[in-house]
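Next, two complexes with chain A in common: one pairs it with chain B, the other with chain C.
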Partner chain A sequence: MKISSLGKIFCGVVLLCAVGAVFGAERFPPPEFDSGYQQPTMVNPGARSNVLEYVDVAVLVAVMSLTCFLVYKKRSRKGIFWLMLGSILYFGFWREGCICSIGAIGNVVLSVFDTNYAIPLAGLLFFVLPLVFTLFFGRAFCAAACPLGAIQDIVLLKPVALPVWLAGTLRLFAYAYLAIAVLMAATGSAFVICRYDPFIAIFRLGGNVNMVVVGGCMLLIAVFVGRPYCRFLCPYGVILRQLSRVSRKRVTITPDECIKCRLCEDACPFGAINRPTAEWAEGDYRVNKKRLGVNILLLPVLVVVFGFAGYLLSGGASRAHVTVRLADRIYAEESGEVDDTTDASVAFRGTGMTIAELYGNAAKVQKQFVFGSILAGALVGLAAGVKLIRSSIQWKRSEYEADRAGCFSCGRCFKYCPIENVRLKKLSEQC
Partner chain B sequence: MADKDKNVSRRNFLREGVWGALLGGVGIGGGVVAVKSAKGDTVWQIDPDKCTQCGNCATYCVLEESAVKCVHAHELCGYCDLCTGYLEPEPPGLDTGAENELCPTGAIKRKFVEDPYYEYHIEEPLCIGCGKCVKGCGAFGNGSLYLQVRHDRCLNCNECAIAVACPSEAFKRVPASDPYILKGEH
Partner chain C sequence: MDRKSETTETDRVGVYYKAMAVTAVIAGFVAAVLVVGLTVNYIQGKVVEPSLTEQLAGLKLIVKEQPDNASVVEHMRQLDLELRRITFRRLDRTRRGSLGLLISLAIVFFSMKFAWNVAVKLPCPTGDAELPETQKKRALFARRSVTAAMLIASVWVIFIFVGEGVDYSEVLEDEGAQAGGSVVEGPKYPTDEEIKANWASFRGPGGLGIAVGEYLTEFDVKAGTGVLWKTAVPINGMSSPVVWGDRVFLTGADEQQRQVYCYDAAKGDMLWVGDMSNVPGRGDEEVEVMEDTGFAAPTAVTDGKHVCVIFANGDIGCFDYAGKRLWAKNLGVPDSIYGFSASLAMYQDRVIVQYDQGGSDENRSKLISMNISTGSIVWQFVRPVANSWPSPTVINIDGTDTILTCSDPYAIAYEAGSGKEIWRAECIEGDIASTPIYAGGFVFAIEPYSHIAAIRTDGTGDVTETHIAWKGEDEVPDVCSPISDGNVVITLTTEGVLICYSVADGGMLWEHEIDGFFNASPVIAGDKMYLIEGEGKMIVATFDDGYKEVAVSEIGEVCLASPAFVDGRIYIRSKENLYCIGE
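Up next, the complex of A and B:
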């Protein structure tokens, strides 16, 4: 009985308070206790220590160093294979794919553009160390340290060679992906690379259903087409490709001089072996010269066209930003396009910010997007144009070489070389 | 022949130059970002003033059991008998029966202190971070119940899945050295 009468009084108080709408105020002053009651204090566990992240950095350096040793000193595909498995287990399944150099692009870009954001030191090291290694030794990171590359590499059972033009065209997606990822990170919209990491759901043994499907399909493709993500999508790979072109050391198919036996011709499932080139005939030379001229003229056209495409897409792209989305929604509600409300629009109306302010902020973001999208488009156009120009230049080569940019240092081609087999004493020199 | 050598050495020179520039660029760029980021690591936290208790915290976390839990600032609590964070809006009865409790998992434990005061305590392992009690407490009470990311559970994802789903932009990165936004402190 006592409870219900108390309840009634309580309800009255509650109603008064609700009418007064004194939000956040102390409606019921904390009581003074007579019984010597001690208030419990809130226990808040501290942030987890990030020691493990530094262990990750150490493992990364160790794996890349070991890769270089295996590629340049041992020339051992078997060693690299086991190292790949190790990376899949450690960086993939144990560390659940996070922290990763590819995703670190987003963090690095955001920390450049957002003064309030600080990238964790381990994340920065994950971004920088593979770059440095690549400048010295080529793509040692891609070879075995990257769990995304490794998981695709080990499922490659029935390699199908793609035509050079197709592989080159598909590679443009990677440039576009990098441009989009940088744009989204710079505007503080999203870490696109992390959100659409195809293998993270596999490493975590669960996650977003769409990404599980995408990851499964990607792995299925990887059975036939060597490392599809690395070659045609990986934004970090785009950066490593360029650095690898000028690396100190480079992977050589043969341990000695190439005898042009052609045995390694089809050894590379990634199309990264360049054949020796014959001198062009006079006629060919003239045709190609003309083609080169056309392609050089095409470069600025491509830059403008892609830049304009970027401009056209900027409106849609800006909806990736939460402020623009919210402003769109509020606009729809204000103009009567929609009758209902969303959690976000209700939350916004509770903040006391004026709609004009919101529109102003959204317009600012959209302006950034227009500028960024044009720039991103133009850069993709530039990449396409340069690729066209490069395709019409005759590169002089006298032997079979691993392509500096495209070689993942996976070590598959070594065993195809008869000279390598002589070195390993599997063949005698007389043969 | 001499001409060819000259070509090769020129190309080498160019390559060396580009190499040096790139290495320098990576070094300087990395250094600048490192200096800029020397403030220290950050973790995710909920600003209780912005939180609207939409319920996304319970469902969007990458963990099966959300890293977000309700916390209770006892120093703000009114110790009410009829607690709107504890009881359903129109409970069938005014006691600790499950049908009367607002919390879907019965994570709030009620203990008699002295007449007419009751202590409310969150049994954290049971809490799913749905925020129902927070809404109730905030609507009619002192707002002493609120949601916080618990750092013994949070994986500190690069892009917090709840932060992406949060309708009120209440999630933000805070310094790891001060990882909670506690009510009554500011």
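Up next, the complex of A and C:
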């Protein structure tokens, strides 16, 4: 086989340009600052126009609407793929990953707990609109509108199927992450989702080295494991999963009745295709019923135990808050644990606030953390308990179907269904 | 589809697959090269640039010391330019490299994706559909893995995070305070005895200008007789020395720098220099002062653990005895026509700031009480007075710790603890500079060139009409503060005229004129008074029975600051040096 000459030339030119970008000399070297140089007046760029925020909202709505059309009406994986690319370019590289619905969790939570903080309307809409779409159409946002999901989806080359039990357990991380994110935002400590967005350095073509490495690793994993962030970490995904369970419409693998041909069995790289179940023996049912009862009784115990674990963690967690960190520093300086000062401690001593006031404020924050950590721990306990209960239920399914909670509406499975191929006239009904 | 067309389709797919695969490989190679390039670029930023930056910093220091050395300046400029070039080139390479890497990786992924898409074969399921046993096994694994995850999480919680951090509710309880409220700290301030044994603030204990003990009356700087040590002061200032134990503190400032100096009282060695730059809250407002006032007229205050300083631009701060700046803040540039000069006073663990500025009807003047170790404001009150130049004094009057202040138009007494006003007397106008003193049951306040007023201290509220016992109107000073032994009160004008009044009734007992000029306030030690003449003389005289000169010693330098007297030693600040006089 031969590659065309034109193709070779094209590849060569593209690659040489890319290498030249790194080692090329400065075409316009920086100016030399001679003694006669006049320092230009500092000009602060103006704030981004509010109108553009609503343009972002309009684009989000348009992408999600188009996704629904492509998933439910056209059943087009290609269309979704190109839409994902568009989202990566617009919400990712153009908007540099901000504003995003996932990060908006922090803004919404803080606006609820801090009366002095007002969330911008666009931010609120970014949080609410995907939820509304999910209630009606499943995870349309995850399918193509989310740049984080889209970039992972696009780099997926050689999917490795994770065992269901492992995927289910790893998903607990997402619940823990959601709990931590809400706790940190509610206490005004940090927007951890935004701060630790693994793809932000990629979208911004630079940033903290650690985040570049984390983002690179996450993408490398995504080459083999479908959407690892979405499935095992995304806190917004936790909410979308629950809403998607009760969505009005849901993705179906086949456009008609399932013929149980098993062709789609391994089509989903995200493990979101549920197989038909077989009948169990009577003895198995009895054992399973008992187990279910035990696990139901265990649920409140797990909630309490994990709530207590949250309480134990609250002291350490509260150090995420700037007031507690500052109090720790001042405490260390006052008690002679350290000999030097930091910029923060010097600045504090210049504020006029007394140490007792600082300790008082830190104590208040610690109390908030105690309460919040108990709730956060309880949430994780609840998630683990429910998972145990779900694993004790004998589900009954008669055909292959997309998992309502886990399906990202990516449309990959469509082409595996012979009924779909008949619909598309790629196969005749006789075949 | 016939056999021939099937073959053609297979060939076409094969060509497409190979083209994509080759593109992916080449793009992957480019991506690898870019990664290496970016890594080298990153390392360059971490290794080369810091080294050059260090060199540049060294050159800057040399240029600071040798500003006229043209070759060093030129070298520094070249290095600076080179560093900028390297930095900007690196940043540009990073930007271009990142973009190139992104593009090449995108080519890799798309090529591989398309190649995979054309090569992928549809699944051909074998074996049986899922059996109940498989489902049960999967459910069992799910339960076990969730349980294992919970156990791991529990161990992690127990061993890693439990008990971390300080519980501030407990800390506050331990300190006997309520969370969120103010804490009454224990007695961390010096006793009255300690204050009397030292010279902690302007004019010593109570601001009275009265020294304890015996002091030399005569010395000879040229011969070195009676001069224990003499040490240079880096930056000039009008402020006076304060002394606590083996430490002497001074301040100095010019337009650019504000410093506090700590000297060893025994040898005169400079122990440390405290820098008051980069003070939080300091704006870029210009500070204008008269040359006679300067930027460091206010005297420091010390409690034996801390030294607090304030400067003409409103910068106030505190250092510990190791020279560590504990806190600093800016109170706003004071609106003072000659420049701010009020020294700091001390009450318990608080520093008292008389921050007078603007006109008397502008409500901009304040009396502020701050925690000496933290700088937090304990209380502050607006004062209905104009800008002024005297210092506040703290003294116990009839069992009440009282802050005395003088400013146009009031002499006001405040409770030192609460800041509550006790009384006020509208008896002084103009540019008030003399610090009030308390003696013989009276507070003495001076209106320059006009009168000295003796105010009885047993009143409350406005005592203008009821408690001004007498006024002396002979040769009234404009700068120097008075002294009193309880029986007589003596004033000293800038021109050198001494007037002695009877405390009891204000009758003038004697007057004497000295040749010279005086900015430093006099001090009483035993039965003698010590006067520091501006051109550099120390004059010692008795005053009981009229003015009787005891001795005159030449310092030989301009001396404008009031001296400090502690433990048999006199600390005199001249324009350029600090002298320690004693045996």
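Everything below uses one rule, namely that the second predicted complex is superposed on the first by the 383 of 431 C-alpha atoms of A that agree within 3 Å, B and C clash if a C-alpha of one lies under 4 Å from a C-alpha of the other, contacts with A are read in each partner's own complex, and residues count from 1 in each chain.
Assume a contact is a pair of C-beta atoms (placed from the backbone, for glycine too) under 8 Å apart; a residue touches a chain by one contact, two chains touch by 3 or more.
The model shown is predicted, which means the values in this text are computed figures rather than measured ones.
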Exercise for the section: Identify the partner contact of A:G293: answer first if only chain B is touched, second if only chain C is, both if each is, neither if none is. Expected result: neither
Handout entry: First, second, both or neither for A:L302, with chain B first and chain C second
Key = second
Exercise for the section: Answer with first, second, both or neither: which of chain B and chain C does A:I119 touch in the superposed model? Expected result: first
Problem - chain B versus chain C as contact partner of A:S392, first or second or both or neither - result: second
Exercise for the section: Considering only touches as defined above, state whether A:V346 meets chain B (first), chain C (second), both or neither. Expected result: both
Practice task
Examine A:V322 and indicate which partner it touches, taking first as chain B and second as chain C; both and neither are also allowed.
Solution key: first
Practice task
For A:D284, decide between first (touching chain B), second (touching chain C), both and neither.
Solution key: second
Handout entry: Partner chain in contact with A:V108 - chain B first, chain C second, else both or neither
Key = first
Practice task
Counting touched residues of chain A, say whether chain B or chain C comes out ahead.
Solution key: C
Handout entry: Common interface positions of chain A, toward chain B and toward chain C
Key = 3-4, 7, 11, 14, 17-18, 23-24, 26, 29-30, 33, 346-348, 350-351
Practice task
Under the touch definition given earlier, write down the residues of chain C that touch chain A in their complex.
Solution key: 11, 14-15, 18-19, 22-23, 26-27, 29-30, 33-34, 37-38, 41-42, 80-81, 84-85, 88-89, 92-100, 102-104, 107, 109, 112-113, 116, 122-123, 125, 129-132, 135-136, 138-139, 141-150, 153-154, 157-158, 161-169, 171-172, 175, 177-183, 185, 279-281, 317, 324-329, 370-371, 374-377
Fill in the blank from the handout: The chain B residues in contact with chain A across the complex are 15, 18-19, 22-23, 26-27, 30, 33-34, 36-43, 49-50, 52, 54, 56, 62, 71-82, 84, 94-95, 113-114, 116-117, 119, 121, 138-143, 148, 150-152, 154, 156-159, 164, 167-169, 173, 176-177, 179-180, 182
Problem - In the complex with chain B, residue positions of chain A that touch it - result: 3-4, 6-7, 10-11, 14, 17-18, 23-24, 26-31, 33-35, 37, 39-42, 44-48, 50, 98-99, 103, 106-108, 111-112, 116-121, 124, 127-128, 131-132, 135, 190-191, 194-195, 204, 207, 243, 246-248, 322, 342-344, 346-348, 350-351
Exercise for the section: Note which residues of chain A are touching chain C in the complex, please. Expected result: 1-4, 7, 11, 14-15, 17-19, 21-24, 26, 29-30, 32-33, 154-155, 157-158, 163-166, 168-169, 172, 202, 205-206, 209, 260-263, 265-267, 275-281, 284, 302, 305-306, 309, 312-313, 315-319, 324, 327-328, 331, 341, 346-357, 359-364, 366-367, 380, 384, 387-388, 391-392, 416
